[in-house]
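What follows is a pair of complexes built around chain A, which joins chain B in one and chain C in the other.
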Partner chain A sequence: MIRVNPKLKKELERYGEFNANQCFSCGTCTALCPMGLKILPREIFRFSLLGSEEKLKEAEDAIYSCLLCRMCEANCPQGVKISENIRILRTYFTERVFKI
Partner chain B sequence: MSEQKIGVFICHCGGNISDYVDVERVRESVEGLPGVRVAKTNMFSCSDAAQEEMISIIKKEGLDGIVIASCSPKLHQNTFRAMAKRAGLNPYKYTQVNIREQCSWTHTHNREEATNKAARLVRAGIQKTLHARALEPIVTKTHPAVLVIGAGIAGMKAAISLSKMGINVHLVEKEKEVGGLIRDRESLFPTGQDGRQIVRGLFEKIKAADNINLYLGASVVGKRGSVGDFSVDIRVSNGETVSLSVGAIIVTTGAIPYRPKEGQWGYGRPGIVTLKELLGMISSQKEFKYLRVNGREVETITYIYCVGSRDKEHTYCSRYCCTAAIHTSNIIHDKWPEISQFHLFRDIRTYGNYEEEYKRALSRGSIFIRFSPKTMPEIEFEGERPVVKVSDLLTSKEEIEIESDLICLVTGLEPSPNRELTDILKIPVGKEGFYNEIHPKLRPVETVVDGIFIGGCAQGPKTSQESTISAMAAAAKAGAMILTGSVKMEPFVAEVLSERCDGCGLCEGVCPYGAISIKEDSGKKIAIINEALCKGEGACVPICPKEALQIRGYEHETICSMIDALIEGYEDVSS
Partner chain C sequence: MNQKIAVLTLLSQNIQKRNSALPLPGFIHTRWAKGLGLKRGGDTILYTGQMYQMVPYLLALQRRQRGIPSKFYEKLIRIILLINPVINVSFLGTIGAVKREERDYYFGVLKKIVALLRANGLEPGYLYEKELYAGTLAHDLGLERVFKEHAIRLSEIFKKEGVKTIITVDPHSTDMFKRVYPKAVKGFDFEVKSYLELLVEKGAKGLKAKEDEEVVIHDSCVYARYLDVIEAPRRLLKKARAKIKEPRFSGEITHCCGGPAESIFPEKAREVAKNRVDELTKEARTIVTMCPICHLNLKEACGPDGRVEDLALWI
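Take a look at the complex of A and B:
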């Protein structure tokens, strides 16, 4: 169960151009991911938009497994800056979750 | 009958027919039958060369009628009627027999029986031509005025278009104001134009036109007559009844927004509104941000789509609501960017250029959550604050809860409650309650009642753009008809064999078009047919105990002789 928290998205937007909301959930990225990470990146973005920090924490491994190869980004029909969004998520994690 | 000379032409249709029906055997089976002077086959009867050849045969042999056994009359009846006319025949002395759709295409597994069936159908066609009378189309003069019912955007545009053609228009609106569905709307997609201004602009044009009579607070209470010459009674606002003579009628009675039942989706509780009500809030609350619902500022709005659309009660999609809701959310994104907006949808149908609105909403931060009709969103209340629970199809059906300050139910359109008008006009209504056109592609604004056209949302939910298009199409059809001065109709109408009719009136009761009336004629009661109203549908024929009614072109004698030809050779078909 996810309790929607619109604040998280606003937080993420402070770290850079977080444009995951452009995503219309087609799944091209998931199909192309060379790491075969099912959750990447579509669902992670969805959890970010809905504001579920808890779900994002569960996906921590996936977020850090991303190769930033941009295979998905090059093929995204909506022009989502996927690698940039992943970097923002990593920054958020470093600062807010691991408090480094 | 036997002194008649007719020609029978049997078509190969390339191989469409002859691959399965032995056309030569069919030809042989009818050659020499009484009345048949010529029996030939054609490779393609519809080709120019074949038509010219048939014309020369008709002239050379002095034929009185023809039968062409080919495809469906829907395809080539008019082609061959015109050909018969060119050959100097009355077009109604031509019969088309369908041995393609009804024989070769349907019985590909049994060539023998397909051929036998084709032969029987051709023999019946021969009887039809032998009994055919030379008929002429029915011509009615048109009265140079049009009645437009309903003064929404569709009705107003239709009235103005007709007025510009120089045709008198009577525009009847049951409400006290014009404008219909867009009267109170501010921003309309896709241009963002103010609906109220559009209505005002059209209203000014109507007032300025000296050939448009506008009746507000008025309703249609009676209709007599038929295409070209309708007589319509209008009850005007002061209670008096006015009688109008018009050549055509355009019905643009619109639709009404669906209103959820009290309690459905929490409707009726504070913070739960329909799209129309949300729009009302936006226009009345210039400082929407400080609008308080239950003492809270609006921070989160959740839209629930397809309320009153695509369910058991309303199986159709209302077309305009997705785009209207997304357009509304874009207005909110513009005015109050800090408000979070969630869209709970089944399918987003922002077709054509309206896709831009969807893309804009996505880029502004609207979040779209897809639900399945099997797991509809639920609204619960935490204190007075509504919380929407929904299963998100786009993640792994994750359960999502959205605390919302405002829930907008995106409602569809329902047909206007027009029972009385429908009964008066006798135009057909589809299963959803909207008026039906004859053909959605080819005759999209005509009804089965000649001279009555439909436009706008009366026909089904439409955007204002689509409403205008259909209304102007209806105006063009009605205008063309009026300006021609007369209308021609198929002569296949009912006729009364007066020596048999005893005026019992059974036929009057079954006619769905109100074409039959019982009149007193030199001391004898008799059924009278209004040929302009009759559709030749034939409900009156079997109900008549005296066999006093028949459809012209399908007379009792013609039908019986055709049946005899069809069953010829069977000893006793009843056993």
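Take a look at the complex of A and C:
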């Protein structure tokens, strides 16, 4: 069972163009990620859309280890703005979780 | 305190208080231009973003950091964050650890870029001490408020100095000014060109390959996938009659050097860099790149025997 925050998606959209809902979890991004972290980025997007802040916090290292190299984005069949979505999640962490 | 929060807090303090990710005194980040006769300001300026100047100091910091026993690390970080608002700890940590040959190399890249621009009829100005870092790291790591305030400060300087055209030397600052600043700062309408594109536009005169040896080209992710600057470096190398080899992953599908992970996950960054070096050196012994961060990471991964050259110094 997970606790969800139904307002999380709206909150993320405040920081920029968060289009994770276009992801259909094909896994191309995960296969191409040079960091080799299996959680990146499609699972993170599912947690965001579900509003699971706890699961997102568990994925904190993965979110910050993304290189923003756009290898995944250049090959995404759905045109998901993966690097911008990751950057938005970082902004959320900085402001809401770390409070820097 | 975990490393992420420590790095983010330090970065936030440095950018807000000293306008840079790694604040260097003005006499250091402008030293490369000494004797070049670059005019102060003007409507067309060469913008370095202090990027090439920072690299030898980043390397010095990394060396210092590796020498600290992990049991003291946590305590040291707390002390650093406490005193950093008053004392520039990032710069202090580099004193005595900067290698002259590294500094000369990166300063030499900037000097060569000026020479290349002049050979093609361009005489840009330079903002010297007034030039600020572009704020890339704050933007990428999600320090949005810090980044926006900084972007406004830098934009005001450009306006006050009467700048119309900005010639950039690295992919990160180029991307900031072309893609990010126009959205973040109202009225940011300067013309922005990388020196690579500009040299191609001007006919790339006076180029000659440094050596006859084959080189393998490493595209920066930002130039290739954010800015679509793929052809310009190749044209310059061809014009210089350099012998170029392409790695399996190049251009739009270039592999990353690992650099962006360096500040928070240095070990993982080194692993990514090592994989990239292995790919590249299958094609040629000498790697040519056009980004100071790629240069730093690939060079570190190559070890003392590897050879990584900045494109400006090869043409």
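By our rule, the second predicted complex is superposed on the first by the 98 of 100 C-alpha atoms of A that agree within 3 Å, B and C clash if a C-alpha of one lies under 4 Å from a C-alpha of the other, contacts with A are read in each partner's own complex, and residues count from 1 in each chain.
What we mean here is this: a residue touches a chain if its C-beta (ideal position, glycine included) is under 8 Å from a C-beta of that chain, and two chains touch if they have at least 3 such contacts.
Everything numeric here is computed off the predicted structure, so don't read it as measured data.
When the two complexes are overlaid on chain A, chain B and chain C sit side by side with no clash. Within the superposed three-chain model, A:60 lies in touch with chain C and out of touch with chain B [touch as defined at top]. When both complexes are overlaid on chain A, the residue A:35 reaches chain C alone and has no touch with chain B. Once the two structures are overlaid on chain A, chain A sits at the apex of an angle of 130° toward chain B and chain C, using CA centres and rounding to a multiple of 10. With both complexes superposed, C is the one of chain B and chain C in contact with more chain A residues.
Of the two partner chains placed around the shared chain by superposition, chain B is the only one that A:1 touches, whereas chain C remains out of contact.
Legend: residue contacts after superposition of the two complexes on their common chain; A:71 is shown touching chain C, with no touch to chain B. In the superposition on chain A, A:50 makes contact with chain B only, not with chain C.
Of the two partner chains, chain B is the only one touched by A:25; chain C is not. When the shared chain is aligned, chain C comes close enough to touch A:94, but chain B does not. Superposition on the common chain places the nearest Cα atoms of chain B and chain C 23 Å from each other. Against chain C, the residues of chain A that register as touching in their complex are 15, 34-35, 60-61, 64-65, 67-71, 73-75, 87-95, 98, 100.
Those residues of chain B whose C-beta lies close enough to touch chain A in the complex are 299-300, 340, 342, 362-363, 365-368, 370, 392, 394-396, 398-403. By the touch criterion stated above, chain C contacts chain A in their complex at residues 4-5, 8-9, 12, 139-145, 221, 225-226, 252-253, 255-256, 258-261, 264-265, 268, 272, 275. Across the complex, chain A meets chain B through its residues 1-4, 6, 9, 19, 21-25, 42-43, 46-47, 49-50, 55, 78.
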